Amino acid sequence: MSHNTFGHLFRMTTFGESHGSTIGCVVDGCPPRIPLTEADVQVWMDKRRPGQSRFTTQRKEPDTVRIVSGVVVDEATRVKVTTGAPIALLVDNVDVRSKDYGEIENQYRPGHADFTYDAKYGVRDHRGGGRSSARETAMRVAAGAIARKIVGDVRIRGALVQLGPHRIDRSRWDDAQIDENAFFCPDPGIVPAWEAYLDGVRKAGSSCGAVIEVWADGVPPGWGSPVYGKLDAELASALMGINAVKAVEIGDGMAVAAMSGEDNADEMRHGENGAPTFLSNHAGGILGGISTGQRVVARFAVKPTSSILTPRRSVDRFGAEVDVRTKGRHDPCVGIRAVPVGEAMMAIVLADAFLRHRAQVGTGAPWPFPAREPARG
Amino acid sequence: MSHNTFGHLFRMTTFGESHGSTIGCVVDGCPPRIPLTEADVQVWMDKRRPGQSRFTTQRKEPDTVRIVSGVVVDEATRVKVTTGAPIALLVDNVDVRSKDYGEIENQYRPGHADFTYDAKYGVRDHRGGGRSSARETAMRVAAGAIARKIVGDVRIRGALVQLGPHRIDRSRWDDAQIDENAFFCPDPGIVPAWEAYLDGVRKAGSSCGAVIEVWADGVPPGWGSPVYGKLDAELASALMGINAVKAVEIGDGMAVAAMSGEDNADEMRHGENGAPTFLSNHAGGILGGISTGQRVVARFAVKPTSSILTPRRSVDRFGAEVDVRTKGRHDPCVGIRAVPVGEAMMAIVLADAFLRHRAQVGTGAPWPFPAREPARG
Amino acid sequence: MSHNTFGHLFRMTTFGESHGSTIGCVVDGCPPRIPLTEADVQVWMDKRRPGQSRFTTQRKEPDTVRIVSGVVVDEATRVKVTTGAPIALLVDNVDVRSKDYGEIENQYRPGHADFTYDAKYGVRDHRGGGRSSARETAMRVAAGAIARKIVGDVRIRGALVQLGPHRIDRSRWDDAQIDENAFFCPDPGIVPAWEAYLDGVRKAGSSCGAVIEVWADGVPPGWGSPVYGKLDAELASALMGINAVKAVEIGDGMAVAAMSGEDNADEMRHGENGAPTFLSNHAGGILGGISTGQRVVARFAVKPTSSILTPRRSVDRFGAEVDVRTKGRHDPCVGIRAVPVGEAMMAIVLADAFLRHRAQVGTGAPWPFPAREPARG
Amino acid sequence: MSHNTFGHLFRMTTFGESHGSTIGCVVDGCPPRIPLTEADVQVWMDKRRPGQSRFTTQRKEPDTVRIVSGVVVDEATRVKVTTGAPIALLVDNVDVRSKDYGEIENQYRPGHADFTYDAKYGVRDHRGGGRSSARETAMRVAAGAIARKIVGDVRIRGALVQLGPHRIDRSRWDDAQIDENAFFCPDPGIVPAWEAYLDGVRKAGSSCGAVIEVWADGVPPGWGSPVYGKLDAELASALMGINAVKAVEIGDGMAVAAMSGEDNADEMRHGENGAPTFLSNHAGGILGGISTGQRVVARFAVKPTSSILTPRRSVDRFGAEVDVRTKGRHDPCVGIRAVPVGEAMMAIVLADAFLRHRAQVGTGAPWPFPAREPARG
């Protein structure tokens, strides 16, 4: 069961509401003796932190993370390491203005989860969106920071590849540019256009959607568990579960429908070390739900922020028809800050896949296959 | 853990290989006293069964399902009903030609899971694709037939909306046409063109991809469990986990990225029974991971069948470079038979969501909200 | 997976070490609209709280619980209620004297988990026992307080029925006495003898074991899930998982081995309301893993506290042989404070069983059986 | 969720009723490349098979097991090995006499699960006990046979240590005798007395209980997952979940309550290889929920068979009061055949614990502890 827990062997359980005193998560299943300090987590929290440019919400949250369990100073090395016990991480909410939400206490904001939470539970914490707020994703980033340490040789990154209707020019892709602008954009040529576009959206009190690409290099072949723990199915669940996401693609994604079998086949040849290598990567690094050893690639589409100033028709919880304008403080494009969240979810999925693989297969299969003699356990 | 089990409260565990003696599944968690006969399951198996037109594999499998546990004739009504115990369903493989696969015993077919299974396990059952074959999906359809009975008032359907590069004209959509052609196509106007196109693909020994849409009517508001058991995240996992699927969309899917907040908002007004109703459904019937009461809509893209006659470059398990041509018997477009599989996965996700909802919330929240007095349990 | 999570639908995840800053738990799956305040939890925490008599540890922990998520003031009733979101509860550790443990930082205390934690993880938080300390059980009591609210009509109690070698006289059992002495003892006649015995144990720096009985009245017939979610198996797991427990009995427990089939059979006759009633309860209220409607009865044996002043032979983590005397502050009989912990675990198991039952069977089966017409869902 | 599934990483899902056509199980999570044939499983099935002496039921079931998935002949070695895919095992029921049960179709046999199944589900498969029959345990033995292969260096055995009120003399314990009598009794001196006693019980149409001890040698230190996946808690769940079990003990079990801390402490000294060794084993090989490296020891009490010829008072499902005599064919002491079942459950728990340990900790912690440098993953 996974109401508020994600993952199987590497598991995070999150809690907390947007305007409560504290949000937090418990990371269970982490291997022991991994060096871990709060600074290791904070660096990733800071990438997602609000208020860092005019293109994100002006809510000022330092998002300072505290680790309250599961680590100890190792006597031998004087380094703080994980103990194998659950790691609880807490972040206090400090810039809460619940009164901004007074008007909508009883109104259902279109595109938000207000109505559905009431329909399910008959009660909701409306302040700032309560549990349905994207504030919860801060804890995903925290857990993702620990996940990265578990899959230490795997490098996970993300970038914005489409803002509203404007896609990047992939021929100009430059990894080094991703952290050099307010959009996590790998195409420096499009940044000025995006700035102008989003300024317009923001000033109009409107919002726009986005597409994020996340990828992982260094994933060895063999991770993922057919047929209901497939690596791509787990990624789909992880990314679709991020607030406002409406689509997930692996590799060539929707475009595969229009391809021929010849074009879609990722052919193989000898690689440098004698192991097979692929000549293309339409599959996004996953075949049969198992990693191929190539780059693992996923994309997801984020809908435009539902909180807009333009009045929209709705009803309230007493049945009256109302027009809703959402003031508060919001990101004009939640897709931007979804980049570090998408990275975190990929890290969590990969850490879990690694542990699951190690459980069932141990140190992995030898190359060349097959094993020359039956192995045990 | 979900290697070969899908679902939480309504759970199916599948087993069996493409060329083994038997494939099967165990459905656990089914409510008791639901009328269930083999005929109730067979009707759905027959929709997916191979060899029904020249556009699917010519392997002749009757796919006759046997229920070997979990049902009993109710003494009071003389009707065969579920008992609440696990329901095991078995299907024998009868048309197995493993020798067709002799050549590729040691070769890695591009686009297939041959290499990744070896990389993970160091051994594989290569005959007909073994466990990675789409034959496994027969058992999903069987389990889906039971799931449909649990959510009896919910109607679940699917259709092919794109074959290769050719999309349907949605203005001609006619539900009644879906079962009247070999493609599960709701647009009768495009069927001749699809026939000609797929004949060409088939005769060339090539293959093509497809897009399937599945939807459910009658889902009440409130199903789905935030934040890691979201209905859309579960659907994404369910559909991405089908063989050859590379993308999943909910509602407007990838298109939301290019929309404005104004356009994307599904506005609300009074409905006929006094409960809220939505004026559009960009969200695909899910907000905040919880059903809205509208039609639940998902789409998924299936890549072209990887088994093609055109030689593709590859390696074998001993490291030699080879050219692979896949003979055997295959669907030129696996997307067609993915329609009933997609329907089944949606049924399974909804049955699970219903049981989870009933567990936590019981008979559900009253309307209008909120409850006027605190409730218990 | 359940490293630090217990339960399926009603789930608690605990975290924190004996001498860390904070211990806590996250309760997930709680139904919405249940009135819940911190005072509702505190009353049970206070039963387990240390330092309340000379027979428990002198560590002074107020165990003040804070609820930081998952509750909101219901607008309609002005009562604080659960929202269906995860409920996080935090307790600060205030009376920590880690220096008491300096000597044993590298020593393995016999009977403790020191050696096994090192053997598993290669590192451990030795301060006060770290994660293996019974301090963790405070959070079980907190979660149990919420569980009690879910199964509101079920009354759960516990009592000490054996202290060291001294058993109570069951003919003198008086429920009203349980809270009137320092032992949760239902037999007032034995209390003076127990006081004298335990004073002797305590002054000698020794320790003793105990047997606790926990029971639940008002459990309806039908809870529990055969065959691997049996109510008795879940209770066995729950109670055996409490620190220092070495045996669990249901109903007549070990004694059934020596009984005849005739004596063991709990015969049935008509009850007052026309439903069946049992004439005895050797089964402890559970048959086939499902509750019978009678009192559910379990007992568990707690070993003597491993922390004693008498030196015991051991080794340290560097391989040297040492003699260990455990100073610190300890309960001479941890079994006493295990009473509220055992009650809490039973409450948690029952809440989970109730939700699981409601998921699969809904409002339950009618009496008389069978249903006269097939039911759906 | 675990209605009919046991284990986390090594998982078995069982299905089938006593008088259905087939019973079976699916074993998921098994490591690949483990040699496995049907004969490897059959040898253990034969230990549990009914009708092997006059002291067990005369139902003649060959219990011939078929493996229908998850194994393949390894090309390199020509040995049949596991593939990592789910292993389905089927056993046909061949000696079914449902008419023996005609009378009790609507009656609730005291001590049986008849009433509780009806109370839960409103319907039941009464033939031979349906799903609640001990016939289900055949599949536990099958899964246990696979589990043994995973923990190949661990030796798991079981024995009957008490029959009715008659306990063995442990000073005469001889492992070699266990398979030399009809009782799995390690004390040859008591066998004649047990034979006479059980003949009397059998001829009187009565029944008796028993105590079984199971143990495992060769378990390395470190298996088991605190705090809710403790090895002892998992064993307690596994053994209490066997039909008719009412108590589970680890190590000294209930007797610890009467011991002093001094007596209960398992002291430690240097062992032969420089690693710590224990001077006693009151703990039954488990401290803090983690294996110590000593013998893991558990005992469980089985109640007398509920099916007896002496009439017992009861009611039927229509509310009428009846007297029930159970004819059919039954074991006078189900505890005898519970010995191989108990062994199987211990094997399954240990295989699962091994895989979980390998997932989190990999190749395990070095000795002497601590690791001299921080490790990763």
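First chain written, first letter: the chains are A, B, C and D, and each begins at residue 1.
Note that in this section a contact is a pair of C-beta atoms (placed from the backbone, for glycine too) under 8 Å apart; a residue touches a chain by one contact, two chains touch by 3 or more.
Predicted, not measured: the structure shown is a model, and the values here were computed from it.
**Student:** Under the document's definition of touching, what chains do subunit A and subunit D have as common neighbours?
**Tutor:** Touches both subunit A and subunit D: B, C.
**Student:** Sort the other chains by how far their Cα centres are from that of subunit D and give me the top one.
**Tutor:** Farthest chain from subunit D, going by C-alpha centroids: A.
**Student:** More C-beta contacts across B-D or across B-C?
**Tutor:** B-D
**Student:** Rounded to a whole Å, what is the gap between the Cα centroids of subunit C and subunit D?
**Tutor:** Whole-Å distance between the two chain centres: 25.
**Student:** On a C-alpha centroid basis, what's the spacing between subunit B and subunit D, in Å?
**Tutor:** From the centre of subunit B to the centre of subunit D is 38 Å.
**Student:** List the centre-to-centre spacing of subunit B and subunit C in whole Å, with centres computed as mean CA coordinates.
**Tutor:** A distance of 43 Å separates the two centres.
**Student:** What parts of subunit A, by residue number, touch at least two of the other chains?
**Tutor:** Answer for subunit A, listing residues that touch two or more other chains: 1, 3-5, 8-9, 14, 29, 32-33, 74-75, 81, 84-85, 120-123, 131, 226, 356, 360-361, 365, 370-371, 375.
**Student:** So in the complex, the part of subunit B that touches subunit A is made up of which residues?
**Tutor:** By the definition above, subunit B touches subunit A via 1-6, 8-9, 14, 108, 110-113, 115-123, 131-132, 136, 162, 164-165, 201, 206-211, 221-230, 232-241, 243, 245-270, 274, 276, 279, 282-284, 286-293, 301-308, 310, 312-315, 317-319, 321, 335, 356-357, 360-361, 364-371, 375.
**Student:** Tell me, which parts of subunit C touch subunit B in their complex?
**Tutor:** 1, 9, 29-35, 74-77, 79, 81, 84-85, 149-152, 226, 354-356, 358-362, 365, 370-377
**Student:** With touch defined as at the start, can you tell me which subunit A residues reach subunit C in the complex?
**Tutor:** Residues 1, 3-5, 8-9, 11, 13-17, 20-24, 26, 28-29, 32-33, 68-70, 72, 74-75, 81, 83-88, 90, 105-106, 120-125, 130-131 of subunit A touch subunit C in their complex.
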